[in-house]
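In what follows, a single structure is set out as structure tokens and then discussed.
Each chain carries a letter (A, B, C and D) given by its place in the written order, and its residues are counted from 1.
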Amino acid sequence: MEIINRQKAENVKIAYVGGGSRGWAWQLMTDLAMEANLSGEVALYDIDFEAARKNAVIGNRLGENPEACGKWAYTAYEKQQEALKGADFVVISILPGTFDEMASDVHTPEKYGVYQSVGDTAGPGGLVRALRSGPMFQAIAEDIKTVCPNAWVINYTNPMAILMRVLYDTFPGIKAVGCCHEVFHTQDLLCTALEKMRGTAGVKRADLVTTVQGVNHYTWITKASYRGMDLFPMYREMAEKYRENGLVEDGDTNWMNNSFKCVEKVKFDLFLRFGAIAAAGDRHLAEFNPAPRYLKNPETVKSWGFGLTTVGWRKEDLKRRLDRAQKVYDGEESLTLKASGEEGVIMIKALLGLGDMVTNVNIPNIGQISNAPLGVVVETNAALRDHFLAPLMTGNMDETLLSLSMPAMSAQNEILRAIRHKDARLCIGAFINDPLLCELQPEDAVKLYKEMLENTKKYLPGWNLEVE
Amino acid sequence: MEIINRQKAENVKIAYVGGGSRGWAWQLMTDLAMEANLSGEVALYDIDFEAARKNAVIGNRLGENPEACGKWAYTAYEKQQEALKGADFVVISILPGTFDEMASDVHTPEKYGVYQSVGDTAGPGGLVRALRSGPMFQAIAEDIKTVCPNAWVINYTNPMAILMRVLYDTFPGIKAVGCCHEVFHTQDLLCTALEKMRGTAGVKRADLVTTVQGVNHYTWITKASYRGMDLFPMYREMAEKYRENGLVEDGDTNWMNNSFKCVEKVKFDLFLRFGAIAAAGDRHLAEFNPAPRYLKNPETVKSWGFGLTTVGWRKEDLKRRLDRAQKVYDGEESLTLKASGEEGVIMIKALLGLGDMVTNVNIPNIGQISNAPLGVVVETNAALRDHFLAPLMTGNMDETLLSLSMPAMSAQNEILRAIRHKDARLCIGAFINDPLLCELQPEDAVKLYKEMLENTKKYLPGWNLEVE
Amino acid sequence: MEIINRQKAENVKIAYVGGGSRGWAWQLMTDLAMEANLSGEVALYDIDFEAARKNAVIGNRLGENPEACGKWAYTAYEKQQEALKGADFVVISILPGTFDEMASDVHTPEKYGVYQSVGDTAGPGGLVRALRSGPMFQAIAEDIKTVCPNAWVINYTNPMAILMRVLYDTFPGIKAVGCCHEVFHTQDLLCTALEKMRGTAGVKRADLVTTVQGVNHYTWITKASYRGMDLFPMYREMAEKYRENGLVEDGDTNWMNNSFKCVEKVKFDLFLRFGAIAAAGDRHLAEFNPAPRYLKNPETVKSWGFGLTTVGWRKEDLKRRLDRAQKVYDGEESLTLKASGEEGVIMIKALLGLGDMVTNVNIPNIGQISNAPLGVVVETNAALRDHFLAPLMTGNMDETLLSLSMPAMSAQNEILRAIRHKDARLCIGAFINDPLLCELQPEDAVKLYKEMLENTKKYLPGWNLEVE
Amino acid sequence: MEIINRQKAENVKIAYVGGGSRGWAWQLMTDLAMEANLSGEVALYDIDFEAARKNAVIGNRLGENPEACGKWAYTAYEKQQEALKGADFVVISILPGTFDEMASDVHTPEKYGVYQSVGDTAGPGGLVRALRSGPMFQAIAEDIKTVCPNAWVINYTNPMAILMRVLYDTFPGIKAVGCCHEVFHTQDLLCTALEKMRGTAGVKRADLVTTVQGVNHYTWITKASYRGMDLFPMYREMAEKYRENGLVEDGDTNWMNNSFKCVEKVKFDLFLRFGAIAAAGDRHLAEFNPAPRYLKNPETVKSWGFGLTTVGWRKEDLKRRLDRAQKVYDGEESLTLKASGEEGVIMIKALLGLGDMVTNVNIPNIGQISNAPLGVVVETNAALRDHFLAPLMTGNMDETLLSLSMPAMSAQNEILRAIRHKDARLCIGAFINDPLLCELQPEDAVKLYKEMLENTKKYLPGWNLEVE
């Protein structure tokens, strides 16, 4: 890469691992196209080479758009190492396995009366997904160590926390961060609150200052201010006002029509009980709590104002996206140049020295949360500067919040152990102890675990899957 | 007091607070009577002065037994400070409130489908009992600070951990330890295992070496050996053998006939899941786990081989004990000189310099469990020497075990805060988040809390009890 | 204050405590005059009211300069509380006592063969100065607590670290930072190195990224990079090249003509021994090391290429500054609008939300240096944002560097204790153990301490000064 | 081994590494001969096989003494692994190198004006001795790992702390403790104080309770009591009374006639300055302080009432001991059965389950000193039980005491690094920064280091010894 000055960098090489299923890759492509001060190569790698190739075509075509001020050459590679070689940045966004395995992750537990709203982070689905993804991330980390050890690595894949841990465990010298937009959405909610509760419209989340502590998808905003004004009293008013019926939006984006929406009732409930702002979508938050609370059964879920995202829906959604991809590839449709709201490109700029930033990241705890276990991947703010990243010190986490997070934190240890030793027994404690399985008798939990492992076993070659 | 030599001490003053309901007081009396190397005064104080007076009569009569080698003068006092004045040791064993309040602690939650096997430590019952006992222990600590600040204080009252915390919070200079025999019983179980699984009979718990970590009644033995032999493989065999049907004893002591018995199935289940030996009776252990696991309903409880101790039974039991007390007082019956199995007198000797000992105690964490929150009262081993006590360093607690303990640990903080500020709202997070209430919707939990507070309010004068 | 937008703030109130001796006050005045986006009031307070009044006149006149784009009204107050009332920011820059006391701090030890190059931070001079300043800073903190508890406080006064500690000890809720330019100068040295060793001219310190750990004036840069390039190998080359003769500059700024200059030999020596870049002037660094190393006698000092700043010189220098002040006040001379190189105004902007920044600050350790004692005031980087400041996490300090810093860190504890209890005996351990006194026999050290206390006793009313 | 009951063990195998120079080996032999409840084999290994063989003869002959109640068979082995094979206990007491190397350690620095009173722990002599011993202890740890990984290892060799660190670094699973009698002697001094200052004669050190914190030979007693009475006020009186002239004993044991004696003036000085009881001989303590304080020159040393132990004297002393050894071997003289005062045999009994004990040991810090660096070998009390050892928790060390200890603690890290990488440069920071070298200019320190390395280089094959 070449840093022209503190505004501009050229010949930057970004390797993109995954992205065959389009969503995240296209977002990065459009964000890059809209950024005038960066240019270079994007090297695409996906286990589905054809998908990567098509993405390259689409990416290059995007650059021809006269409004695209960022100039990038997209190339698809057949081998991961080739794509990574010499990269300045590596972006990881893969689907670990297929939606068939995800269907098992999400729906097999339903046979046992266990419902999951997402199933990709916590709960039995998140754990089995972690096992399946572990070897993939070990391989990625090994390749990075070999061909681009100094690259900055940005991961978007879930289950975020444990996969970041696998990266650092495999290659301790890696410079990797996990990025997630769930906190952003909660910051947006604070802006909404400023409008609804205080009549202050037009505030953007970048105008707020928040302190963030937790594990990804169960992160807490423990302080929030706008121009020095503490936002907690305002948030409390909103929580009290909408605790009963939720914060319902109209139309298309209504939660009943949209798998990804919620009415924030879980968030308000958690705030009124524990005094901090849970900073993820309700669908994620619910999964970190004992099943009977928010996910007892579909009726309970409905009463809390969110939906269970089925994998059937995801498959259809994927089909729609693939159809559109084909059209874009065929030139029948084109990508619109609209900012994604993600921060990947801003982070890349910051790490290139084109402007400092502070944002929430997922990295191993070296003490940024003083009383959380060291080594566990946590989510806090960090300062990103010219080739530099350091977490902001947050001090101790409130011990009640810490106790809520500890099952997820300690599960990281067990899952990592299982991945290291290729032995599914080594995280059986984490599985049985998962809050979503608290209603199962232990023997039923084990039976479920066996069944889920069976459904994902082709991704776990050489593993011991005999659990009991 | 007067230390004659490293074998003998005279003129020792022990103040006994509580004991009106006999059980614990008589155990101490007989243990003292059987210890030739100690003598002095026992000062009895109970809010029921008459009960203390009768105990004094009984204690003094016990000394007349020709086999009683320890000579003690028993006196009842009307004021707590008088009893405490100049004490070398203070023993606390009170019933906080009456069995009427305890009936509410244990049985009110049943209206909401929540069952408790003991209800004096964890769960909604334990929390409300803690609130009720808090002011009593603040008063005791204040009096100790005033009239016998250098005394060693031994507490037997539940909820142990939080009450120890209140003592230290009120008088930071206090030299207090919480003692509990639940670990002893688990050590006895290891001796039973040596006999049943290895054919080694006659081993006593004092012959074992165990490492202990946790919070009282949810403590774990994380290492155990007998003459250098690791006992964990043997315990695993036993757990696997008896996981199905439990370790059933015959006759009178059978759990179906005895409120305090269990068949260790919970203990074996926890071991097989988490790899450490839970060191308390199953009735206690069950209460630290999510309700559906072991306490879903009376049938589940039965299937795990223990009983729900009703307060009705406790009231009858008390009546029997009071009847017997009257007979003993009237001289119609006499106390038998049989060692209680408790360690209070051995501890007193150790602290007087008559022989070092190592045993499990409950004191604030100063780092003996490296990764548990500082200040929280934990249970580990300690060395007791001549006027000296220090916990043995145990290092980090396994993070899965720590995550299981964190709700209890963080509840201590919240309950302490509520007691300090006389405000029941300040521990509402701990109440709602209690594993035994995980099946309640939050508003039902609050309703239950209100009802329970109402039933205990006369012990909380000046408190804010308005929760919502 | 009024935040107009993310670029502009009006009606800001800055209270300035001290500044009668002009140096620092005028720097702030010119920096404010040159900043178009801020305006408001500067409230001046000095124990010498006349000096404050003259500064107000000068400040207001500065605003009339057509090139002064920042508009500020300067007012002098007779009472500290009046000046502080309602302040958004408080700047503290006082001379604790007069140069007569400072003459004792610096020169009394010379009778005992102890030489100090500055005498305001470490060494016997720094310790006694800390005692003298302690009560003044207690009073400032009390007034801030009373009349402007939400103000951001920026301190420039030495001894920085201990005085910051006194502020936080007196008013734990204070939002105070200690600012020091010594690290800046070391960053400038790195820029010089880029030019001299690599031929890269024109780099500014703001272009570097450095990690900072330590106690003020004995801070270390433990990592430094420029556009991702590690600067340590380059610095090593420079250190080796100039270790013998130092990095000598020509003319006026030559160290032999300038009390504040040095040739970096101490800095290079420390780097070559310990592998990190000591980030303060050599005159300061020398004072944290055992006396025989760099300060054995004037010859040794000379051989290391720096001078002993005499208080006689300081008195003359003050006279010169006062003369000039009178001329400026009389309108015979005027202040030039030249940026001071200090960061006070940039920090004020950042805290007002007009642009984030990262810079080195002195605040109590909450874990930003993981293995340094908690509570001790340390110097690390921090992120400053809209009404927000948090230290960047630096992890562990190299243990050799920590061992070098521990005498200064533990001295903070002792000095604070002495100030709290108004008892000079309580830091006698720190005094005797100071590296600069290592050649004294203990009784001589005590004799020296007595003599120095005697010379400063009028600032310590009600203290126990009987040491032995 | 065979544990007969909690009083008796047979067929115990003790391997003794070193001991050719007799002192420590004979002490163990006589202690074993006097212990009726232990018996078995002592396997002797020394690099001087002949010395080991003679010791075996002497040991076996000792067993024929009718008063020898402990029956042991002594055998000399030519290979270390043979001696260690199957050992239950390993005792290490070697002389690393010969007195020729020690002569360099102690006396080469004198050319530079640096005096050492012992030269085997701290100072330049201690550091170089550590380098020389490192590879020997790596080899011992490797052999233990191979042939007796479960043995308990007791080390008496200096420099104690760093050598313990090497053992644990080489074989992390080792069960090793470092034992040192310096604390015992300080406890004896407290007994002397009880007699001299309070008239209480006949108290033995085992009757005291002390809290110990620090690094070996610079350990501090931070609390001491006798039957609950705080001994610090009494010790203060003694320190004040004898600070001037020291505590002089008559006759043979007078320090002027005995290389190992002192008059405790250093100890009293440290107490009066820092408030804790330094728990080692003054000769050791002096070496941890800046040279000018206690070791400036022979006159200063004399004024503090101790002597500089020359290696010439040691050589003569060795000759005397060897002469005597020959006589004993030839049967012209015999060993007297007198208890050594060491605790090795008591520790062996405790670890065999024949009686718990608490004593001071040197092991890696796992938190027993909360604020000392983890991993560093520290000295605190530990509880020894049946096949079990755990340090007693001591909490934080006073930060001033910690700052005094940090140079020694951080030197451990550097020296270990040098030993691991066979590179003498890697501890040059520790060398130059040693308090005893504080008067040297850095280039002279390096010159000294080179010269000392040259004199010991035959023990450092394959090392990089090029320092600069």
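The rule is short, and it goes like this: contacts are C-beta pairs under 8 Å (C-beta built on N, C-alpha and C of every residue); 3 or more make two chains touch, one makes a residue touch a chain.
From a predicted model like this one, the values you see are computed outputs, not experimental measurements.
Using the average of C-alpha coordinates as each chain's centre, D ends up farthest from chain A.
Chain geometry summary: the mean Cα position of chain A and that of chain B are 45 Å apart. Chain geometry summary: the mean Cα position of chain B and that of chain C are 56 Å apart.
Contact of a single residue of chain B with at least two other chains is seen at no position. Chain pairs that touch one another are A-B, A-C, B-D, C-D.
Residues 3, 6, 207, 209, 211, 225, 227-228, 353, 356-358, 366-368, 370, 381, 383, 385-388, 390-395 of chain B touch chain D in their complex. For chain D in complex with chain C, the touching residues are 269, 272-275, 290, 292-293, 296, 371, 373, 399-400, 402-404, 406-407, 409-410, 413-414, 428-430, 432-433, 435, 438-442.
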